[in-house]
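Shared between the two complexes below is chain A, which pairs with chain B and chain C, respectively.
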Partner chain A sequence: MTRYLSLYWLFLTQRLKVLMEYRANFIIGALSTIALQASSILAIWVVMRQVPDLNGWTYDEILLVYGLITLAKSINHMFADNLWTLGRQYIRSGGFDRFLVRPIDPLFHLLADRFCQDGVGNFLVGVALVVKASVALGIQWTLLKALMLVAAVVSGGGIFIALNLLTCVTSFWIVDSVPVTRLVFDNHLFAQYPLTIYPKAINILLTWIVPYGLASFYPASYLLDRSLGNLAWAAPVAAALLLFLGYRFWQFGLKHYGSTGT
Partner chain B sequence: MSVIEVENLTKVFKIPQKDPGLGGAIKGLFAPRFQSKTAVDRINFRLDRGEIVGYIGVNGAGKSTTIKMLTGVLMPTGGSIRVLGRDPHRQRIDNAREIGVVFGQRTQLWWDLALIESLNLIARMYDVPPARYKQMLDEFSQTLDLGSLLKVPVRNMSLGQKMRSELAAALIHEPKVVYLDEPTIGLDLIVKERIRDFIKAECGSKGMTVMLTTHDLGDIEQLCRRVIIIDEGRVIYDGPIETIKKKFGKFREITFETTGLVPSLSLPPGCELLSTGDRKVTLRFDRIQTTASQVASAVMKQIEVRDFSLSEPDLANIVKQIYNGALDNGGVEPEAADARPAP
Partner chain C sequence: MRALRRDLSIYLSIFGMTPKVFMAYQLWFWIGLVLNTIGMAILVFFWRAVYADTDSVAALSLQQTLTYILLAQIFFPLTDVDLIFDFGFNLREGNIIHFLLRPINFQGMYYVQNLSSLMMRLILQIPIAVVATLLFGLQWPTDPATWGAFAVSALLGFTALFFFHWFLACLTFYTTEVWGLGVLIFGMSLFLSGSLVPLTMMPGWLQTVVLSIPFAQAIAVPVSLLTGITPLIQAPLVWLTQLAWVTGMWLVSALFFRVAVRKVTVQGG
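What follows is the complex of A and B.
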């Protein structure tokens, strides 16, 4: 474990050196994610100027939900963005073989290969939104609430990564898994808003099947002392379970790769 | 004990069969049909410590598939492999510590990183002790002339510089077994020479066991005492390079470009006509019986020659002749061999 941590640190520092070399790229990348987020937030602001609340949720409360999902997403974006490119960049070109002749776990190698700096912009936006909402709403922070915040971000990141892993592993069979991943990943857009505004089916989908809601709506409810908030403690369990399944599926995919080599 | 032991090694790929059109695609989705293709067919060989063996064959003969199984990337369909007593696929990570691999056509370095940074990462992955790593860097700075390259990102390197860097990356942890897949592909002669000299010195001095696949008979001649020739997944020759050189090395091919149409030529003994084209004629001669200058002057007396070139017999040709029994009956009879149908 310490070996992998120190290896990751080395990968990360080398990567940062490259980013410093392409400083303009780094800044444009971070700015573009911030600009993208700004336009979505602007849309929320425009809507919320017209209506006082959305199914009982005020503008600042919605910002909290939005901020939490953005933080969880940024974890995935920074540390696991390379999953997206598994098929296109590694399997199709045969570059994946390089991971298999090295004495480290190939999944670790894939993830460590590229820390994605664009995620930093997302992370900063998320932090800003949560702080803004917390101040505006006058949230009374307790130890449990602080713990919940950390748990929500970390397990939310885990849920994002696990769902991406589960879908990206299909590239061992179909090479280009991006459409499959997108099909699942895009569901997180629902979780930018309180789930109570949606029909029941979407609620169930976002809570029990692709549980992005556990990263945003439920922890926000907990922080705001709303009903359903306690369900947020399920997030770490869901993340652990999905990551376990994702890793098993990855190993299954790897085995298939070993017999076909495509 | 041998370092590499391969017994009855077989790899069968299942290739999905697709009917044309949308209907075919849908049919393939629900009732896929597969065709089996045997890429490697019950091959056997052993490599001892310190051996440098050439593993050769034409494209699609099964070379890469074999190397992928030996390195642990692919799982064999049948038979067994032992590398230093391990099963390379089942014990992939343990096996990976002991081997070095160069895939000539694709890089194992990070495109954007300076070479020294790639090497830092690789050395850490293999847990090379820092003091030893420093020694190795010094050594490679000499033997591969890496000194000036260490700060250069791989993307800015020439092909030859890249290959020198790849070799450093593959050997920095001093592996016991080395697989080199086309290490000189696309390089010019001088760079090729340097790479060959390096491989010979580095692997020889450390007693590494090396398996070298290549299309370049020059690589084999200079590095290997033993060759394994594979065709259509089967080993068709495993033995000293000397035998191959004796049987096939005595022939050269010479091609003339002419100004006019080629009449029928009278040729010196030991020389025969391979093909004639429009303003072009290719001959083969036995270097023991005659010389290039004798052949050239005989031809030039009869026709006006614009240009000519000499070449060594190529691998595809040698493989074909082995098939036709060239190594069994003790002599190469190209005319008779060509007339026989391929098996």
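What follows is the complex of A and C.
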């Protein structure tokens, strides 16, 4: 474990050196995700000026939900973005083969190979939204609520990574896994808003099948002392279970990997 | 025998590659349809929740807003101009030199190419238009004059946006950055094009900001004509304004290109 931590640090410092060579690109990359989020937040603001609430959720409460999912997404974006490129950049080009002849876990190597600076923008937006919402709503912070906030962000990040891992493994068979990953990943967009605005089927999907709701709606409900909030404690369990399944599926896929011959 | 088995396994892998390539394109088409449906579903449920306790928001009914939002999603390809990524790719690969040397107007060539891509993208939107009609109850305008006014406005808006993108793509000659810049522009266009919220719902100062950047010319302006939010009688004035945008952006983009092209540094090829 210590070896992998020190290795990750080495990979990260190398990556940061590369990024700092192109500072303008680093800044534009981080700003790009801020612009993307700003578009949606501005749209919510425009709409919420016209109505007092959205199914009982005020503007600031919606910002809390939106901020939590953005924070969880940023963990995945910064530390596991390379899962998206497994098929296109590593398997198709034959570059993945070099991971297999090195004395470290190939999955670790894939993840450590690229820290994604674009995720920094998402992280900053997420922090800003949660702080803004917390102040505006006057949330009374207790030890349990602080613990919930950390658990929601870390577990939420774990859920994002695990679902991307489960879907990116398909690239061992179909080479380009991006469409499959997006098919699952885009469901997180539902979880940017309170789940109560959707029909029951979507609630079940977002809670029990692709549980992005555990990273946003349920922890927000807990922090706001709303009903259903206690379900947020299921997030760490769901994240651990999905990560375990994802890693086992990765090992299964790896056994069936045949190089593209490039 | 072992060698034969080994050879067979290699040839079998090669044989399996072509179906994978074909499958990838098929997969993208169908998954693209599902992703568009997800995006539309979120917007529809969101707007239904907004109208849960009211009949009208900024003088628009739920049906009017849904019609505007769904049509804006269907015609979103009007904002799809890939110049930033194209310029970045051509810089990286060195192809830009060949384009600059060809005895044809570089900008004209790209305009025609992007217009052709737009036609294809709009044709490919037909399945999602069917989904919007059957699943989300989209009510299509039926007046031919409205469609005519929309078509002229959409073409002018797309052209203005093409020249604006040309201007932005010239920035890659200085930054060499493509991905972040592309995402930044896409992020801005989502809101500024008016595809998420009708312009009439925005406060006055924000409408002024949105209308002073060309993104809205490609979506909000033509779709407002199509949905009747902007009365048909105002169409000539709308076209004239758009024509001014086209002329202004064409001049600015052509002038900036003449300056920026001197900074071209080919990275490879």
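As a working rule, the second predicted complex is superposed on the first by the 257 of 262 C-alpha atoms of A that agree within 3 Å, B and C clash if a C-alpha of one lies under 4 Å from a C-alpha of the other, contacts with A are read in each partner's own complex, and residues count from 1 in each chain.
The definition used in the following text is that a residue touches a chain if its C-beta (ideal position, glycine included) is under 8 Å from a C-beta of that chain, and two chains touch if they have at least 3 such contacts.
What you see is a predicted model, and the numbers here were worked out from it, not measured in a lab.
K.L.:
Put the two structures on top of each other at chain A: do chain B and chain C fit, or clash?
P.N.:
With chain A as the common anchor, chain B and chain C collide in the superposed model.
K.L.:
Tell me which partner A:V51 touches in the superposition: chain B (first), chain C (second), both or neither.
P.N.:
A:V51 sits against chain C, while chain B stays out of touch.
K.L.:
Taking the superposition as given, does A:N187 touch the first partner, chain B, the second, chain C, both, or neither?
P.N.:
After superposing on A, A:N187 lies in contact with chain C but is clear of chain B.
K.L.:
In the three-chain superposition, say which chain, chain B or chain C, touches more residues of chain A.
P.N.:
C
K.L.:
If you stack the two complexes on chain A, which partner ends up touching A:G258: first (chain B), second (chain C), both, or neither?
P.N.:
After superposition on chain A, A:G258 lies in contact with both partners, chain B and chain C.
K.L.:
If you stack the two complexes on chain A, which partner ends up touching A:Y198: first (chain B), second (chain C), both, or neither?
P.N.:
A:Y198: touches chain C, not chain B.
K.L.:
Is A:I28 touching the first partner chain B, the second partner chain C, both, or neither of them?
P.N.:
The second partner, chain C, only.
K.L.:
Classify the contacts of A:V18 with the two partner chains as first (chain B alone), second (chain C alone), both, or neither.
P.N.:
A:V18: touches chain B, not chain C.
K.L.:
In the overlaid three-chain picture, which partner chain does A:L144 touch, first (chain B) or second (chain C), both, or neither?
P.N.:
A:L144 sits against neither chain B nor chain C.
K.L.:
Between chain B (first) and chain C (second), which does A:V131 come into contact with in this model arrangement: first, second, both, or neither?
P.N.:
After superposing on A, A:V131 lies clear of both chain B and chain C.
K.L.:
Once the two structures are superposed, pull the chain A residues common to the chain B and chain C interfaces.
P.N.:
Correct list for chain A: 258, 260-261.
K.L.:
Can you check the complex and tell me which residues of chain A touch chain C?
P.N.:
Listed in rising order, the residues of chain A that touch chain C are 22, 24-25, 28-40, 42-43, 46-47, 49-52, 54-55, 118, 174-176, 179-180, 182-183, 186-187, 189-190, 192-193, 197-199, 202, 258, 260-261.
K.L.:
Which of the residues in chain C end up touching chain A in this complex?
P.N.:
So the residues of chain C in touch with chain A come to 10, 13-14, 17, 20, 23-24, 27-28, 31-32, 34-35, 38-39, 41-42, 45-46, 48-50, 52-54, 57-58, 175-177, 179-184, 186-188, 190-192, 196-197, 201-203, 206.
K.L.:
What residues of chain B sit close enough to touch chain A in their complex?
P.N.:
Contacts found on chain B: 13-14, 65, 68, 71-75, 77, 89, 92-94, 96-97, 99, 101, 103, 106, 108, 110, 112-113, 117, 120-121, 124-127.
K.L.:
Could you list, by residue number, the parts of chain A that touch chain B in their complex?
P.N.:
Residue list for chain A touching chain B: 3, 6-7, 10-11, 14, 17-18, 21, 93-95, 97-98, 100-105, 255, 258-261.
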